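Each chain carries a letter (A, B, C and D) given by its place in the written order, and its residues are counted from 1.
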């Protein structure tokens, strides 16, 4: 598996860069969870808005907090939120999608209408409502974004489920006396894995972006914990005086997104049998 | 299935979608803690005034009654009156929707006009320098959050170069050219990110099509590259992109909140967000009506044109 | 040279022009240029006559006779007469109007206007159910539309609100919802002869037009200010001050307001029911630092319920438990506090509330108290405030003209009204007495006693008094900040830039 | 210009052609190795060989339309004296379509689904022949007429999805031949078509090419067809040219070992079969009807019900192989699927071991189901791509509670060995197998639980003769070993002749004739059966070394007294029968579908 991946990376610089960036983001997120140069939430009245220096590699923010430390701990938060959201939304969406495709009929129609209704909701509004109910914070963001993303997953998985359903190994399973639920779990779901994984990676990207956007609108994770979008939003007032405040989180978001997008492309190629021989 | 029956079913399902969305939002916003009357009073603590205000806003009725009343008036074309602003919901929503539409529609059109040719060319020149350049640009465009891009635009074009206005908004219907100058930045910021998505989709669907046998067959007829790519590959490759464009448009018409926030456009997205903050129930409901309606309409239109465009697709 | 138009940045659109009915802070700011009541606040927060020439108060303090100034005209040219006052007030007192301050006058809260009668064309008599020393002050309250007197033609034929036909120095011009509001100078305006004093005297409209541009985004507002597209930006957030201070041709004009920000404490919480815990928390906070950081040095640290700029803010009010993080540790050990998290509710709508919460959290942490922030939406927070459902809440009280109102917001029957924080009977009595007496020295005495009791019980940790901060371009002459914080553009000239 | 081509002109000369495939990071792999042949104007040269031997690659190389990974590494290709490799892109384009036409292997996917037939046909005419739109239209419609498309004017404006596979194949042919090319490359022009249509298309092609003197490169692995139509033949194996020369020399008296193997693998009637006696029917079907709701073929049409199986009755005896033959779409698969309860029947009864499946209790039904298995028509689609072969086969034993997981695996392994997929195959995934290997996995899965009855739906259709031969042998061996009964569905009469005990002939949902193998092949009765047989050229072994091309000529018999043969389209030229059909037994066990006069 890894060797095949390496093959893809060797032939495509994009895949290589993507894998590298994703690795970087994850390493940073892991580091950020147990080590930061300073306490990311400790306020210092004497060092407000200090420019980058040896002591503070990325400078300090308006409360004198070390930007690098905040960036690192925010990475943990962002990656965790996006990752968990992607996993939850994909898992639930995949199951519903496969089930609607497989069972069909009224169940399918009703679920579809329901999912469509959710899709018609702007996802930010959905997020806003959940956050208004639960208060902002990691969990609210995860719940809100998961709900918002489930319908898209359902759609994608349903489409591939529908074509799978027509394939004869599903009939073969019935002939062997398997129950419909067993067939769903054992034959349909695993076969939607490729689109699910690809979708999962893009969901990770979307969630990262949406979490940043939410934080940007002041609805993200609970302060004083940092998040990239929140850091970016807070930096707006100091744009001209302390540009480093905006540059660091902005770059962090863009780099992660770039990484996840490139990685997703590579993954798509990796999972696409047609591309294997190219 | 006949087109009439197909449309009938689509419209039926669409109205169900609409109804469910509206019901969800109606009860959801009332589930959210916060009381429009108290918000208006702010930190003034006056229980009597609060009760009076609640009664005036009919908030003291059971929720289900409020819902039925609202539906009843809705079928008569009455969306109610805003709680926070002293006027009918319709007169608030329509201009906001106009702003969002004049932001989103040009942005999506521009994005499509850039992205479809770019994606096609990248696919034609697969694995060449051109492809790498186009795809890198698209991926980068996709990876820059639109609010960040918006801020950079504001700073650079608005503040440093000073050739575009940064403040406020003039409707294109009031003063066309001035209106356009206010839209240039937000439209380009939005178009750029969306273009990234469309380029990638267009490229991959074009590549898929180019692999097909009938393309080889077209070459075997002696057609030029150009003819094969435009006349044979393009119509087939554009179908999924077309659906995607519809989805993007439908979603954005529901308000490009972030872009509207960054560029301070009084669009539907902002209106919706602010109404939620203010718990202005009638406006929220009205906005959601428009949002869902435009989403559903765009989708029905896209799906139907898709069917008309691609003969042989099935209708179920 | 003088310019005709002053452009002002407004953070959001006004809600309506119906006085005191559907309003918010911005609505008040704009409408105060249009509306005038019988009385109004002076610069120091006391109440003075405005449309009334003078007010006679009967011996029993139950009858108020307002003698109207002569020659005051409505925006439609009609002369102000006593009948207009009576009509206006009857309308306010009609529950159907939905006037926000009705409860202060109809007996709901005890205070009632028994009758209003015109005496000839130029005097109006208000009869009260019992003496109300706060009566005039209540009439001037800004969020009540200052009880502005309006002409009946303000209404449509069916009695619904149309547009304000009032007596202010400016009248409502073009209002494009969501975009801008224009106020036009009222040529026939008759100012009081006294010099400028709050909302009362010296209201001369130098600019023929004030255009309030609605710019929601703060960055855009700043850009507009720096480019001179607007010349004034009231309510400058602290975070933007740094940037404004670096702008050329822009100055910051500020003054502490009659506004207090602080941390509300729910003492029915098990942990916080212990007064030592509350005191420990109070002592862990360095008010001076909080005030200077949150307000960028324009706010004033204040431990008293009475805002620092109030005339009643004496030396006694400056007393507090002080900043003693070293003592905190001891107290915590004493009560056996083991780092149980305490939730501090705050919101992002009001940066000051948010930032003070952030700093309090950081300072308390240093002292060993584990505070967790719970950021919720303002509407939700207001709900929580009303239901008393919180441990700590970062909060701010808007401007109150008299210390009585300041204390009234926190003091009272806590079972009947969950927004109250303090129900010491002794304190309630003291407050009630302060409403009965009108002698300032006597009242000062009462307020001093209240403060001592308050420090003892620690039901709230007042942190500072917020300042009214305005950024105006240097071309704007004569602009003043005010203890009520409502930007006023009468008596203000806009000169040509660079001249 | 094509008129000037003389019969003995060489249209194409290929010499020492080599084609390589380069996969990223690997060494080039030759897929065509030193191939030489020539084509005369008006002549047909065939390329034969097993699947994957490089036939298509050669065809594509001629038009310079190889996939990006493939490349001509050596050799020359001369088209009427022009070296095709030296032609520049523009020159190549002017040759493509105009002088060299190609009909691709996949008829269903060679037409652009988004463009009208007419547009696709006239495009090249307008480009190369400088016709106006109108001229191109007239010319195209004429061509459509020639390939016997009904309603050519209407069809001209129709989209590909509105046509069946056979029609599309004809349209493709028409569109290529409309250009009157000097060279036609026909890549498997008839795979996936049933015998009747296959014959029709080949005759048509022959006729038109003879008319305009086109040289044809016929690519096929159907040796019977090649023997019938081609003059020259080139035998390929794994990209290497084994033999080439006159068709009669090579195919009818094969010299080379490989060619002999190929010929030896041709299906033939087994003479060693024992006469079986049957006691009781295992499966009995009475008046089975199946209807499908079909959405309208075009946007504007209403959906309607299609009767896929119409009052079918037959029985399968213990230990018997009953073959079902008939054109594509005649309802063969549907019958099999209905027996397996995968389709709902509209009416009729199915008895298994004398018991009506409908009236059976649920638990009983499950156990009966365990005794019936199916080998699906499409081996690729019937295997879960995410499961290893071992897991796939072991799943057949899932409901056998007496076995441990380990035993099940062991048994699955055994079964794989049994079907000839030993050792390391157990851990492989379906995509790692060839079509024939996949088909064998399906068989292993079907028989692992040792059912009594198996529906084998076209188990060899996708295979070339050699592999087909292996699979058929396997089926026979398994049957002998375990005593299964088969419902053997196929449209390949050669195969049926080799394996079947009895045969059912179907046409558009109706059973037209049932009889023993000898009844059907030697004494066919219904005119449709006869047509079917006659459309199938067969290479028959004459002696040890030589073969003979046999055109079946059956003697026509009359319908039994008082009846006419039932006709709902199966007998061209005759009136459509409106009366109810009746099955008439004309000899013991030989039943034919008639209608009373």
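Simple rule for what comes next: contacts are C-beta pairs under 8 Å (C-beta built on N, C-alpha and C of every residue); 3 or more make two chains touch, one makes a residue touch a chain.
By chain, UniProt protein names: A, B = ABC transporter permease; D = Dipeptide ABC transporter ATP-binding protein.
All of these numbers come straight from a predicted model, not from anything done at the bench.
Farthest chain from subunit B (centres taken as the mean of C-alpha atoms): D. If each chain is reduced to the centroid of its CA atoms, subunit A and subunit C end up 45 Å from each other. Subunit C and subunit D have centres, each the mean of its CA atoms, that are 88 Å apart.
Separating the CA-averaged centres of subunit B and subunit D is a span of 50 Å.
Between the CA-based centres of subunit B and subunit C the separation comes to 40 Å, rounded to the whole angstrom. Contact of a single residue of subunit C with at least two other chains is seen at positions 219, 377, 379-380. In subunit B, the positions touching at least two other chains are 32-34, 151, 261. Of all possible chain pairs, the ones that touch are A-B, A-C, A-D, B-C, B-D.
Residue ranges of subunit C in contact with subunit B, taken from their complex: 12-13, 15-18, 22-24, 95, 98, 100-104, 108-109, 143, 161, 177-180, 213-217, 219-221, 223-224, 226-227, 229-230, 349, 377-380, 382-386, 395-398, 409, 417, 419-420. Considering their complex, residues 13, 16-18, 20-21, 24-25, 28-29, 31-34, 132, 135-136, 139-140, 142-145, 147-148, 151, 155, 211, 250-251, 254-255, 257-258, 261, 269, 272-273, 276, 288, 291-292, 295-296, 299 of subunit B touch subunit A. Remark: subunit A residues 41-43, 45, 49, 62-63, 131-132, 135-137, 218-219, 222-224, 234, 236-241 touch subunit C in the complex. Contact residues of subunit C toward subunit A in the complex are 218-219, 237, 239-240, 242-243, 246, 289, 293, 348, 354, 358-359, 361-363, 372-377, 379-380.
Within the complex, the subunit B residues that touch subunit D are 1-3, 212-214, 216-224, 227, 231-232, 235-236, 307-312, 314-316.
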